[in-house]
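Both complexes below contain subunit A, partnered by subunit B and then by subunit C.
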Partner chain A sequence: MRPFHPEFIFTALRQILPYLWVTIATMAGTVFFGSLAGILLARAKIRRGPVLRALSEIYIYVTRCIPSIVMLFIVYYGLPEFMLAFGIDINNFSKAFFVIVTFSILFAANMAEVFRAAYESIDPGQREAALSAGLSEWQAFYRIILPQCIVVALPNFTNALVNLMKEGSLSYTIGMLDVMGKGQLMIGINHGSYSLEVYLALSLIYWAMTLVIEHGFGTLEKHLSKGRKIVAAS
Partner chain B sequence: MKLNTDFMIKTFLAALKGIPVTLEITVVTLLLSAPIAFFMALKRLHKKGIGSRITAGYVSFVRGTPIVLQILFLYSLLPSLLNYLLNRVLELDFDVFGVPPILYAFAVFGLNTTAVLSEVFRSALLTVGHGQMEAAISVGLSRRQAYLRIIIPQAMVSALPNICNTTVNLLKSTSLAFMMTVKDIMAIAKVQAAYGYNYIEAYLVVLLIYILLCTLVQLLFKAVERYLSSYKKLVTC
Partner chain C sequence: MLEVKDIHKSYSGNEILKGVSLKVEKGDIIVILGPSGSGKTTLLRCLNFLERAEKGSIDFDGIHTEFKSATGHQINEIRKRTGFVFQNYNLFANKTALQNVTEGLIVARKVPKKEAVDRAKQALDKVGLSDRYDYYPSQLSGGQQQRVGIARAIAVNPDVILFDEPTSALDPELVGEVLNVMKSLAEEGATMVVVTHEMGFAQDVASRVVFMDGGTIVEEGTPHEIFSRPRDPRTIQFLRRILREDYEYSI
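After this line comes the complex of A and B, so read on.
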């Protein structure tokens, strides 16, 4: 049995934690771009003509079948070549760029489904009532539909976010220096002798992050749906 | 950008040999995890003492950490742990490093899928009304019979879409088995790609195969679902 040094877990935690912001920043970027694309996909699936709808459905189906690591490698090796065909050299771009592109592509499909389900859960009568009360189409969406959608979408969004964080740990495979990457680097520096301790430290970090995200959004959901009940009762 | 189509066809044919390995990991993992997951779900539903607490902690931990971390952790822990237990403690002369890596894959994916499936089963069992169990016992069935004949068949129908999801996710995560030196689709494509730096082509082939496999799994579950729900309709009328 290899020697096990529990105290090294704390050393590892101390050294890895400063890299937490890299993980959080890439997650934030992915959530931003992924959600934007997700909104467009959901819109295409709800409203637009048959062609756009079919395209959006194919996109969602295909991306949900692709393992994240395959997508990550395709983007990391393929995108620079692809852009070079247009005369743009992105070989020197930061690793974070490729990570955000990859996971935005995948996250968009999840978000599209979350948004669509949330939108369709709202009774069409809500929109009609808002329009008949004199609100414009945009006002009806922004003031009536959206606040109700958000409450419905939150649990699924939380799930997608936790999955994104977990899948995001794969970005160390292209050499990104986030939480996981720093852990691997530490193991490499010590010639693999502290791997168990570092992996335990990493597990603790990810587990804690998951619990924080779930708890945080759970509280938010409770807070938002409290307002909903009052509206429904009055 | 030009894709090397000859290479892609060659890689496709080579990677097809990895499909049985990928499917083997998926199927064996599901078969191993399902019974354990079911008992874990029951433990959690009855909320009896420490067993339920431990199960809840286990499920939370597995679902809260990335699978790649679980793979790396167990793959660096298990061989030396086995070596220690078998050769030092039990003093057998066992060649731990000759263990086929696919067994480690079963262990890692099994531990992961058990946790996910136990949640699927728990929510499925919750959909079956309390009255069903009481009615079954009142007509003289034992608890075991009630579960086998009344509760499980009904719970299965509502669990099926989630089981399909779990299977697809499991199939996707088996693409990480190459980290344990298992020769699956991904590993074969990686080796092929490394010959001539044809990474994009190789991974596009892998992508295509995964889409095909996912479609296959989903069609299979659709068929089972149709079969089960037609059976359900017959019972109700």
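After this line comes the complex of A and C, so read on.
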């Protein structure tokens, strides 16, 4: 067996880092579409009629029970078949498309629960106060309730984001060339040698990303949480 | 100025209001008394459309509508011309005291920001909080929060202010400061409908006392009529219980 070459970690980093944007872009896409769908699901669960609520609950229940890698393959093989039934050929779509669809489906279920819990943590009396002050339902929501929801939701959102980043590394299994995919490729080119160095390089990258995410959202939370639990001043 | 007729409201088959009618003239201080569960709070909430009554009509200074068929526009008009003070204050936790008051002015009534801030400061000064403009609700005591709630209600120059048990959630030593503010508002000629358990306030300040029980108005009259010679047995029993409690607690 080849001896351990720590300096190869840097070689690996240099080669992998150019693919970081793929990882970040697919994450961003997932967060965008997943959160959007999550908001709609949470909304359905909170107040719409019994039918929508049941549908939303079934969706959340089912998707939360499916491992990401299983969902990834279901989407990768299933979605083209499904679309073909409507005469749309998506077989040549980028791998990133399937990754974003897969993780949006899963992320939406998580976000629905995060948003619902955040919404229900805000005393409904504030909504009533806003309405009786003459604000419309929408104004009461986005001026009074939403800013407080965001603060409550941020820690859970950050957790979900870190999980998404880690699970996203599974995308290499359908051949996407993100940081993980590039790492696998390097190992393959070297016929399995330098595996440890490459995986260490990958750990460093994921570790740094986690640090940035947690620090970034921690700062944001501090910035947004005005009025919450400040030490009582006399 | 404000007249409601024959309000009915029930929750899941349980009738809370069984045909209540109430008339409020400008400058009236109406105090609504009654045991818990008698529908006092529900009545007040129906007036502000926080609950939708199933039956009955409302006449509010030119706006006439059935509760059931009131349009969003009419509801908003009525809300803009009333102030509501909640039992649990319900201040906007993400806004300062000043912003709590300006919110309804700037957002709902399109008052220019500078004028809104001036009016909000006046309202906060009136309730004795001129040194608390920039405090968040979490930094204020219960009594101070409720006074911000009152400032929020009066800053919009409402035709009538509705108070829903404004002192019930307060520590006993903070009740006085809120009642004093309400009393001075009454002396300035504000029109108020107050649901409360403060018998002293009812006796001193009310122009009319309404006694409710079991979802109906049992008796109404001047404080003197209600407290000195109540006629209905339910009123007599209620007053005896409350006033005796007062007596027992004041030992």
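By definition in this document, the second predicted complex is superposed on the first by the 223 of 234 C-alpha atoms of A that agree within 3 Å, B and C clash if a C-alpha of one lies under 4 Å from a C-alpha of the other, contacts with A are read in each partner's own complex, and residues count from 1 in each chain.
Keep this in mind: contacts are C-beta pairs under 8 Å (C-beta built on N, C-alpha and C of every residue); 3 or more make two chains touch, one makes a residue touch a chain.
Since the model is a prediction, treat every value here as computed from it, not as a measurement.
Shared-chain residue A:167: touches subunit B; no touch with subunit C. Once chain A of one complex is fitted onto chain A of the other, the partner contacts of A:222 are absent, as it touches neither subunit B nor subunit C.
Once the two complexes are laid over each other on the shared chain, residue contacts for A:5 go to neither subunit B nor subunit C. A simple residue count on subunit A separates subunit B from subunit C, and the partner touching more is B. Contacts of A:14 after superposition: neither subunit B nor subunit C is touched. Contacts of A:47 after superposition: neither subunit B nor subunit C is touched.
When the two complexes are laid over each other on chain A, subunit A has no residue in contact with both subunit B and subunit C. By the touch criterion stated above, subunit C contacts subunit A in their complex at residues 48, 50, 76, 79-80, 82-84, 86, 88, 90-96, 103-104, 107-109, 135-139, 149, 152, 156.
Of all residues in subunit A, those touching subunit B in their complex are 1-2, 62, 64-71, 73-74, 77-78, 81-82, 84-85, 162, 165-170, 180, 192, 195-196, 199-200, 202-203, 206-207, 209-211. Against subunit A, in their complex, subunit B makes its touches with residues 1, 60-61, 63-69, 72-73, 76-77, 80-81, 83-84, 88, 168, 172-173, 175-176, 186, 199-200, 203-204, 206-207, 210-211, 213-215.
In the complex of the two chains, the subunit A residues touching subunit C come out as 123, 125-126, 128-136, 139, 143-144, 147-148, 151, 226-230, 232-233.
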